[in-house]
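Note that subunit A is present in both complexes that follow, paired respectively with subunit B and with subunit C.
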Partner chain A sequence: MSQKVYITGLGMISAIGNNVPECFLSLSQSKTGIGKIQYLTTRYKDEFLAGEIKLSNAELADLVGDQNPALNRNSYIAMLAAKEAVLNSGIDTKDGLRTGVISSTTVAGMSKTELYYKDLFKNDEHLDVLDTHDCGDSTERIADYIGNVDYVTTISTACSSAANAIMLGCRMIKHGHLDRVVVGGVDALSKFTFNGFNTLMILDREWCRPFDENRKGLNLGEGAAFVVIEGENALNHRKGKALAELIGYANTNDAYHLTASSPEGFGATLAIQQALALSGLKPTDIDYINMHGTGTPNNDLSESKATVAVFGNQVPKFSSTKAFTGHTLAAAASIEAVISVLSLQNSMIFPNLNFNTPIAETGLIPETTLVHTPLNVILSNSFGFGGNCSSLLFKKA
Partner chain B sequence: MNAITSYAHIKHNTVTVNGTVVFKSASSVSIHEFLLESYKFLAMNYPKFHKMDVQCKLAIIATEFALRETALLTENDLAKIAIVFSNHASSLDTDKAYQNSISDKSNYFPSPAIFVYTLPNITIGELAIRHKITGENAFFVCEKFDPALLINYCESLYLNGIDAVIAGWVEAETNNDEAFIFLSESQRNTNKNAIFKPLNQTTLTELYNLT
Partner chain C sequence: MGETARHYYLRKHNLAKAYINGTGCISPQNSIDSDWFFDEVHSPKGDYFEAIEPSYKDFIAPNLLRRMGRAIKMGVAAGNIAIQQAGVKNVDAIVTGTGLGCFEDSERFLLAILDNDEQFLTPTSFIQSTHNTVGSQIALIMKCHDYNFTYVHRGFSFESTVQDALMLFDEGKDTILVGGIEEHTPNYILLNRKANKFQVREPDMPIWMSEKRGIQMSEGAAFFVLSRNKTQSSLACINGIQTLYKPKNSEDILKKLHMFLSSHRLTLSDMDVALMGFSGDLIFDEKLKSLLPEIEKETTAGAFKNVCGEYHTATAFAMWTATKIIERQQLPKVLAISAKLPSKIKYVLIINQYLDINYSFTLVSQC
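Entry: the complex of A and B
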């Protein structure tokens, strides 16, 4: 039997804080990070709210300690969160064991490229910006920032990207390719993203209301989160401490529509069922679900139906934390992995903000206030455009 | 034993299937026309094809050619077929088209129909919808065609209960459009045209470089 895989370090930067302790404080005080747009220059500045990281690019560069002018917001926040996760875990990448970095992003360097896009056709003055545009760039920079990394790869599967990075990292450990992996995702806000989601007409002009009958859409957010996962052999070898165990994961395709989930949540149901099957647990073993819950009419109904399909009339306590952070796209699943581990560690369910009225069709009611309760197993869902559905299962260590 | 059962390579307006050139357009023909001619050659009847971006069309056409040489879709559970694609520039070709539609204040015309294609894994979504495939799927962005990455991922999928994989490299890039799609299966299929090559890095590298 393959070895167990544990989460041993957490790192996160988002609208609710620049590091894990700050994010935890906001979560436990029910303090959202979504507000008026302050940092991104966009024509939608006064029209939409966003979950921005409360730091300018110059402030981020100072925090990272790298003034390379070609670097972009995506790389800065990825480097900060990955470094925090590594320091938190206490791993030493120079100890001879094999370390990997598996990151994910959808917009990559777009927040910077779009500023110089028109100039790039005129002259070569900002050509260096293009060097940092590709999806793989922030991953390479994380690897350099951490040092002594043996394997690097980048996944891009829309809003379930980071879940798939976590899943791949876990498998590479189980199959003996790596001893530990820094896994997660990153997406910085860009005009490109705002324009696109507005074009699709799935943005709420007010605070998003996941699982509410009157929800209108999502709020975009930005962030980066990474976790260090380690095989039990490597962990025991260095006598490290586990924060949680990764006991189940699955990815499926909904095969229904490019930007909408099937009405019955077919792909989501399969993902949850397959993750449960891998863990050997029963639906009744799940203590809490951190939902994808974006606040769009389509996602929340489809996810509710998938939840009912799997759990029947015994739906566990659940909430979406998107109303804290906004929808951080490729980073969402790793941000919610960090939040899930914080829930396990502190025996706390963080509330589903802005909820008033249950969805008529399913009647599901999320937790709307901070709940203190012992938690043993948490399910976390992430679904993306292109029909990509992922579910992860975390167990208290 | 896991085997490569068919592959298709599209490059320079030419389609090679299992080592043989099966369709070709003049080099002067645009990628759009070439893909449309391929669609007609295959006698496909799939109207959704016409709204897709070049990257999706490349993937759909290459996979269609490869699938015709195997019984992959009929002899495997659709929930146990995985799709793993990779490329260098994510969705850059369509990203540029969308950026052009929003970067000029006097000529601002953002379209949801274009924005949809600004994610690389939409290519997988289109293929999954086309064939009702609901197994695991992943899209990797890497420097160049990486046989080790794809073979390792396929092996890991087989260890996790997947029965067949549609995998490869697909990239829309002006004057350098390319799709290399290989099919692999865990058991022999009954189509007499199927090839049976070992699923390993050496073989995959050879097949890719052959054309």
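Entry: the complex of A and C
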């Protein structure tokens, strides 16, 4: 049988904090990071809210300790979160075991490309964006920042990206290709994504209200989160400590529409069912669900229906933490993986903020205050454009 | 921790194989025609090597076609051809790779934002700008609810799809569609030209002997229906694939190559052809150049980027080429670096490099 895979290190930077302890503090104090737009250049900065990281690019460069002008916001935050995860795990990448970096991003270097694209045709000053625009750039920068990395790849499956990075890392360990992998996702806020979601008319001008009958849409956020996952052999070898076990995962496709989820949540239902099947657990074994819960009318209804389809009238406690961080796209699933591990470690369910009225059709009510309760298994969902549906299962170590 | 202890953690066998049961390839050559075998080879006009695109209405419904960007069209068409050739109705997974994704749609949406100060925008190009659009579109057309992944890592984008497929076969999947897609826009080409990334190759100078800087950027899409089981229509077999991130020097590459081949209980001398990813750039090709004599000692060396140009997923074209070489039992002269051509071809090894950062080995064999 293939070996068990454990999460052994956490790293995260987002609207609610520049590192895991800061994020944990905001979560346990029900303090959202979503507010007035301060850093993104957009004509809509006074009309919409966003979950921005509260640091300028210059401040991020100082934190990273690298003034290389080719670095962009995506790379800065990816490097910071990945390094935090590595330090937290205590792994030594020079010890001869095989280390991988599997990252994910949707718009990669766009936050910088969009600032200079027109200038590129006029002068030569920022032509380096040609080399840093693509998705692979931040992944290779993480790998070089950590050092001694044997394997790199990058995934882009819209808003489920990081869940797929986590899943792939786990599979590569189980197949014996790698001993440990730094997995996660990153997306810096850009005018490109902001306007994209705005044209789709799924941005709420107020704080987003996941699973509320009167929800109007999502708030965009930015962030990066990485976790170190290790096979049990490698972990035992270095006598390291596991924070949680990754016991199930699944990737399915809704195959309904390029952006919208099917009304009945077919792909989501399949993902949850297949993740459960892989773990050998029953629906009743799930103690809490960290929902995708973006706050859009379409997602939350579709996800609610999928939840009912799997759990019937025994729906576990659930919440969406997107009202803390905003929807961080490719980073969302790894941010929520970090939050899930924090929940397991601290026996805490973080609240679904801004909820008032249940969705009439399903009547599901999320946890709206901080709940202290022993948690053994957590399900985390992530869904994205292109019908991508991914579910992960974390177990207390 | 030494190599021996390290080996303890590595799985000693890597037996999953993938049978190639169908291929579809759009490239700067006439590869869309299944009978084409390097008989008439186009040269690039200037410094960019444009793909020859088919009449898409033969492969894609008109209502879908109207909105699609070129990357989506190339990917869906090449995927469609591969599926038709394999004679399958559906697949258990769709895994695509692309370095830049749907760049045309991304650029269109970006320019609309910049030109109109974020006003009067429509969502179509934003929706289609997502890197996983090709894989999603194929899933939508085929109603495939199964595994769907998109890899976007530079010169590893396509390699990652094959690695994933080999694992998926071990996990019980039977039929998988994999493919690599790349498109570039006139503006992107113009900017790369401005950044001095290109060269105009001298027609008589073989790509592996180039002494200039710059590549011939290109584009295309190659798709493969892979199967865990050999069937009557199996064309070739993928024995294994390995990526190598920033190897130190050519000795490092050679050492890893020996390890890769020995994990398949083979040596370099078992290879009948080694297709090498010379790009024409003096610096990027340096390590492959040092490696070439070592390769030629044991087997027949060949090139492929003189025919397909350089792009993130050029290995997909190389894999299509390897499949054809095995099928025809012949190394086309235009690809041959070594003077001595092989008489029978069982193993084709692809050694690729991308910008001297992303290296990979792919082993394709007769089945």
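Observations on the model:
Methods note: the second predicted complex is superposed on the first by the 397 of 397 C-alpha atoms of A that agree within 3 Å, B and C clash if a C-alpha of one lies under 4 Å from a C-alpha of the other, contacts with A are read in each partner's own complex, and residues count from 1 in each chain.
Just so it is clear, a residue touches a chain if its C-beta (ideal position, glycine included) is under 8 Å from a C-beta of that chain, and two chains touch if they have at least 3 such contacts.
Bear in mind that the values here come from a model prediction, so they are computed numbers and not experimental data.
Aligning the two structures on subunit A places subunit B and subunit C in clashing positions. Taking subunit A as the reference chain, the count of touched residues is higher for C when subunit B and subunit C are set side by side. Shared-chain residue A:270: touches subunit B and subunit C both.
Using the contact criterion defined above for the overlaid structures, shared-chain residue A:127 touches subunit C, although it does not reach subunit B. Touch criterion not met for A:84: it reaches neither subunit B nor subunit C. Of the two partner chains placed around the shared chain by superposition, subunit C is the only one that A:234 touches, whereas subunit B remains out of contact. Of the two partner chains placed around the shared chain by superposition, subunit C is the only one that A:150 touches, whereas subunit B remains out of contact. When the two complexes are overlaid on their common chain A, residue A:176 makes contact with subunit C while staying clear of subunit B.
Once the two complexes are overlaid on the shared chain, A:44 sits against subunit C while remaining clear of subunit B.
When both complexes are aligned on chain A, the segment of subunit C among 127-135, 253-261 or 271-279 whose C-alpha atoms clash with subunit B is 127-135. Residues 106, 110, 114, 117-118, 134-136, 153-158, 164, 168, 171-172, 175, 177, 191-192, 195-196, 198-200, 251-259, 266-267, 270, 384-388 of subunit A touch subunit B in one complex and subunit C in the other.
Residues of subunit B touching subunit A in their complex: 79, 83, 88-90, 95, 98-99, 102-104, 110-112, 115-116, 118-126, 128-129, 131-143, 149, 152-153, 155-156, 159-160.
Remark: subunit A residues 106, 108, 110, 114, 117-118, 134-136, 153-158, 164, 168, 171-172, 175, 177, 191-192, 195-196, 198-201, 250-259, 266-267, 270, 384-388 touch subunit B in the complex.
By the touch rule above, subunit A contacts subunit C in their complex via residues 42-44, 95-98, 105-106, 110, 113-114, 117-118, 120-121, 124, 127, 130, 134-136, 139-140, 143, 149-158, 164, 168, 171-172, 175-177, 179, 191-192, 195-196, 198-200, 231, 233-234, 237, 251-259, 266-267, 270, 384-388. If you check the complex, the residues on subunit C that touch subunit A are 1-3, 5-6, 8-11, 14, 94, 99-101, 106, 109-111, 113-114, 117-119, 121-123, 126-133, 135-137, 139-140, 142-154, 156-157, 160, 163-164, 167, 170-171, 187, 190-192, 194-195, 197, 243, 245, 357.
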